[in-house]
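Look for subunit A in each of the two complexes below; its partner is subunit B in the first and subunit C in the second.
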Partner chain A sequence: MAFIELRDIEKSFGKNQVVKRLSLDVGKGEFVSFLGGSGCGKTTTLRMIAGFETPSAGSVKVDGRDMSGIAPNKRNLGMVFQNYALFPNMTVRRNIGFGLRIAGAKGAEVESRVDEMLGLIHMEEFAHRYPHQLSGGQQQRVALARAIAVRPSALLLDEPLSALDAKIRVKLRDDIRAIQQRLGITTIYVTHDQEEALSISDRVAVMREGRIEQIGSPFEVYNRPATPYVASFIGTLNLLSGAVADPSKGTLLVAGRELRSSGPIEAPAGAEVKLSLRPESLSIGAGQAGHNRIEGRIESVKFLGSVVRVVVETGGQRVFMDTFNDPSAPPPPVGSSVELSFPPEALKAGAAEAASEPERAAAAEEG
Partner chain B sequence: MKRKTGLSWLWLLLGIAYFFIPLAATFLFSLRGKKGVFSFVAYANVFADPLFLKTFGFSLRMAILTVAAGLALIVPTTIWLHLKVPKARPVVEIFTLLPFVIPPIILAYGLIRLYAKPPIALVQSPVLLVAGYVIISFPYIYRSVDAGLRAMDLRGLTEAAQSLGAGWLALMLRVVLPNLRTALLSATFLTLAIVIGELTLANLLAWPAFGPYMAQMGRNRAYEPAALSIISFGLTWGAIGLIQALTRSGRDKASGIGAGAH
Partner chain C sequence: MTALAEREAAGPARESEPGPRAGHPRADVKRSLSWLGLVPFFLFAFAFMLLPASSILVGSFQDAEGAFTLANLANLFRPSILNSYIVTIKVSATTALLGGLLGFLIAYAITLGGLPKPLKSFMSTFSGVASNFAGVPLAFAFIATLGRMGVLTVFLRTAFGIELYDAGFNLYSFWGLSLTYTYFQIPLMILIIEPALEGMKREWREAAENLGATSLQYWLKVGLPVLMPAFLAAFILLFGNAFGAYATAYALTGGLINLVTILIGAQVKGNVLHDPNLGYALALGMIIIMTACILAYSWLQKLSSRWVK
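Then we have the complex of A and B:
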């Protein structure tokens, strides 16, 4: 049975419906991320679970208990905020002990639990500092410790890392995941950073305009996106256009070459369709027998560290290709002609109404 | 660079002179109670006057009541405003200007007309005076508290405290008020200073307050009013110094421990 259960919840602010019949089951001990663009309703959904917003319709259950009408301070849900929200008038120690004191725990009991929490976040030596004497990353660790000190039934985090710089973000997200797994605490994590969501979640719920577009393991949502939006939102995606050659065989004409796609196409022969192709499915050279091949000219080469991104122009369209860095084989020079190949399964037809162009471009840039 | 600092020093000195020359002149004048020599005779006269202590004591009591009533009324209201109806803040801000726009004399006449006869006859009671003072100090208290709340992410702290199980009382006592400390102190001392020196309301409602006493003194004596000015100046600055000291001690406690280990 699901530990957190959202049933057809909706939320409107005036005429603006921001969450639409959203249902979700989160298992006990599971780590689920809400991933989606700005304004898609992630925070609102989380706040309805926490009790800071009241759903316009639908129900929220935690551990079998219907949460409607229960005040936020009676829900026993830990919450971590983007801006830390530590109490500035209290030391780290008192911040972490706050919830325990509210719950009526006695001195020694509070202190030992606080010590345990300080150990968990490796901040024993900062116990007597005030929040303004800590870095952002340290503050967020304290906020995390404060939230789990009271042994909440679940942990809710709203973009906890987005105010931090890249390096600390990566470190801290791994810490959060490690702590979550160690304690086995059910967690919902809101982020708009796909890499973050994919790297630490058991399941990712991709949200769009107040709905969950797809929910699945990181592997699933990345490799088997249920909708064009998910496909383009997660990871970098090449969007190409081609003309259908044979719908039943799934063949198309792109830049004068016949290519095979993953399966039959639901469009008549000759129709113009959008195609999607992950950059990492492409490789330089003729590839194996049966692979699709395209030819083009290298427009630019971006060195991203372990990955090298090659932009190839083919028949008026641009194709991103990602390949692992190989110290013994530098990428071909800009301007030279190359042949690229990819397996037919990698080419998906029918991504016509995918995410808007800017989103795709942004996703491609971030890579 | 050098010329710039020189220039700013010049302005600073001009500013200091602007404020302190009249003060120094008043002070020197206040020392001339005895012919030919500097003396504190005027001060001695002021302190010897039983009316001084009596009126000052009365005004101080009124001021303390005003602070209590004003804070009790305005602090929760302002917090509620911030949390529940932040959109109404500009409107309230306009309301806070009213005591500046409407002269105290109109306030006083309004209060007298309204409360002189039954059903609510209050003119004989200091309650009316304190009520008037609360109105006069409303802008100062509201603005201090408003600034204090804006400086502290009230919404975030509220939600954090609630998610940790805190109810409204715990939230107020353990989170909001401690973080409003500086704001409350400055509201308190501003109100004290304003009420202790207030003239119009006390005069029209006929209370033996410090403001009317000072005015009276100014009409009848030569050196004592100057001494009185210096005394009340000292009291005001003493109060401001106290705010500084109290808030500083709070902050020192905050930054003293573990500092330097960044």
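Then we have the complex of A and C:
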């Protein structure tokens, strides 16, 4: 049985319905992320679980217990907020011990639990500092320790890292995951950063306009996106247009070349369709027998660290290709002609609906 | 930029300039003129703080002929004068506490309570005006409302048969005066405390709740401690505001309640009691009390705001 159970929950603010018949089961000890763009209802859903918002309809159950009518301070769910909600008038030690004291724990008991928590977040030497004397990353560690100290039945985190800079964000997210796994605590994590969601979650729930569009393991949502929206939201996606050649065989014409897609196409021959293609499925050269091949001119080469992103112009369309950095084989120079190849399974037809999204992603890449 | 940094920055360019020490005079001029910006402050402090305070100090120790005396200060300990200090402190403290409490509750409703937006901005504007509405007009407004023949007094009598004045109320008494002062103390409190309340993060409250705290526990352990420095500052301001008030009390009670300010007025311009030097001594007493208040305040402030940046 699921540990956290959301059944058809809805939430409206006035006429504005922001969560729409959302259902979700989170297993005990599982780490689930809510991933989605701004305003899609992630925070609202999390706040309904925490009890700060009341669902307009539907039910929230935690550990088999119906939460409706139970005040937030009686739910025993740990919450970490986006903008460090540490109590400014208390030291780190006091902040972490707050919930324990409220629960009526005695001095020695509080102190030993606080020490344990300080060890967990590696901040023993900061115990006597006030929040304003800490960096953002340190404050979020303390907020995490404060939430965990009371042994909550589940942990709810609302974009806990979004106010931090990139390096600390990566370090801290790994720490959060490590602590979560060590304690085996059921966790819901809200983020709009897909890399973050993919890297630390057992499952990712991709949200859009108050609904869960797809939920699955990071591997599933990335490699088998259920909808064009999910495909475009997660990872970088090439969007091409082509004309259907043979719908039953799944072949198309792109820039004068016949390409094979992953399967039959639901459009008549000659129709213009959108095609999607992950940058990492492309490689330079002719590739294996049966692979699709396109030719183009290298427009730019971007070095992203372990990955090199090559932008190739082919028949008036622009294609991103990601390859691993290879010190012995520098990418071909800008302006030269290349042949690219990719397996037919990587080419998916019929992504027309999501046209605007990846274009935006592509524009962001450019900038 | 400091003069030194200025000189260093100008250093390499100096070679090309005609005068061998061209960089120096400019920097020196800059440094020597930098104090000019402080002139208005010192002029102000001198003209409006130091000068009056020292003339009060000097006058307190002089008799009518200008000779040195301690008699004025000794007179401060006459029972009637001691009593007027006590009454003044009582009125100030009472109205600061009362106005402070009510003002806080209203400010709370404005900021954290769910007061509708239009009402919010109206309250802010109204507070700005009302906190400055004092003196003769305020006294008259209260007489017209709550005096023996005031609108409200008469209304209560005719509509409900309630005789305010028989029930023990008297506008021209200590409590009447306090009530009148409260009229400008409340909006002043609203103006002072509103920014502090605005600064209270919703997340603090929610984090406390999430950790099992009740509303009361949140206020005792987080809300009030966080607001304490602002409360202290507000109390001192309200206290001082009432402590120095003169016209309202004079117009309302015509000297029935002997506030220190009214006594001073009588010494300085009165024809019966005319003794300006006693007036100086009375004012000196007020300055000493206010200074003590401010010292106590800054000590408490330090205690209550250890955690502030």
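The rule is simple: the second predicted complex is superposed on the first by the 357 of 367 C-alpha atoms of A that agree within 3 Å, B and C clash if a C-alpha of one lies under 4 Å from a C-alpha of the other, contacts with A are read in each partner's own complex, and residues count from 1 in each chain.
One rule holds for everything that comes next: contacts are C-beta pairs under 8 Å (C-beta built on N, C-alpha and C of every residue); 3 or more make two chains touch, one makes a residue touch a chain.
What you see is a predicted model; the values in this text were computed from it and never measured.
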Answer with clash or fit: subunit B and subunit C placed together on subunit A by superposition.
clash
Tell me the contact category for A:Ile102 with respect to subunit B and subunit C: first, second, both or neither.
both
Using the superposition on chain A described above, determine whether A:Gly78 touches subunit B (first), subunit C (second), both, or neither.
both
Of the partners subunit B and subunit C, which touch A:His132 in the superposed model: first, second, both, neither?
both
Based on the superposed arrangement, let me know which partner A:Ala147 touches: subunit B (first), subunit C (second), both, or neither?
both
Touching A:Gln17 in the superposition: subunit B (first), subunit C (second), both, neither?
neither
Who does A:Thr323 touch here: subunit B (first), subunit C (second), both, or neither?
neither
Those residues of subunit A which subunit B touches in one complex and subunit C touches in the other
50, 52, 71-79, 81, 83, 85-89, 91, 98-99, 102-103, 130, 132, 143, 146-147, 150
Interface with subunit A, subunit C side, in the complex: residues 201, 203-204, 206-214, 217, 221-222, 225-226, 306-309
Which positions of subunit A touch subunit B when the two form their complex?
50, 52, 71-79, 81, 83, 85-89, 91, 98-99, 102-103, 125-126, 128-130, 132-133, 143, 146-147, 150
Write out the stretch or stretches of subunit B touching subunit A in their complex.
152-153, 156-157, 159-167, 170, 174-175, 178-179, 181, 254-255, 257-259, 261-262
Residues of subunit A touching subunit C in their complex?
50, 52, 71-79, 81, 83, 85-91, 98-99, 102-103, 130-132, 143, 146-147, 150
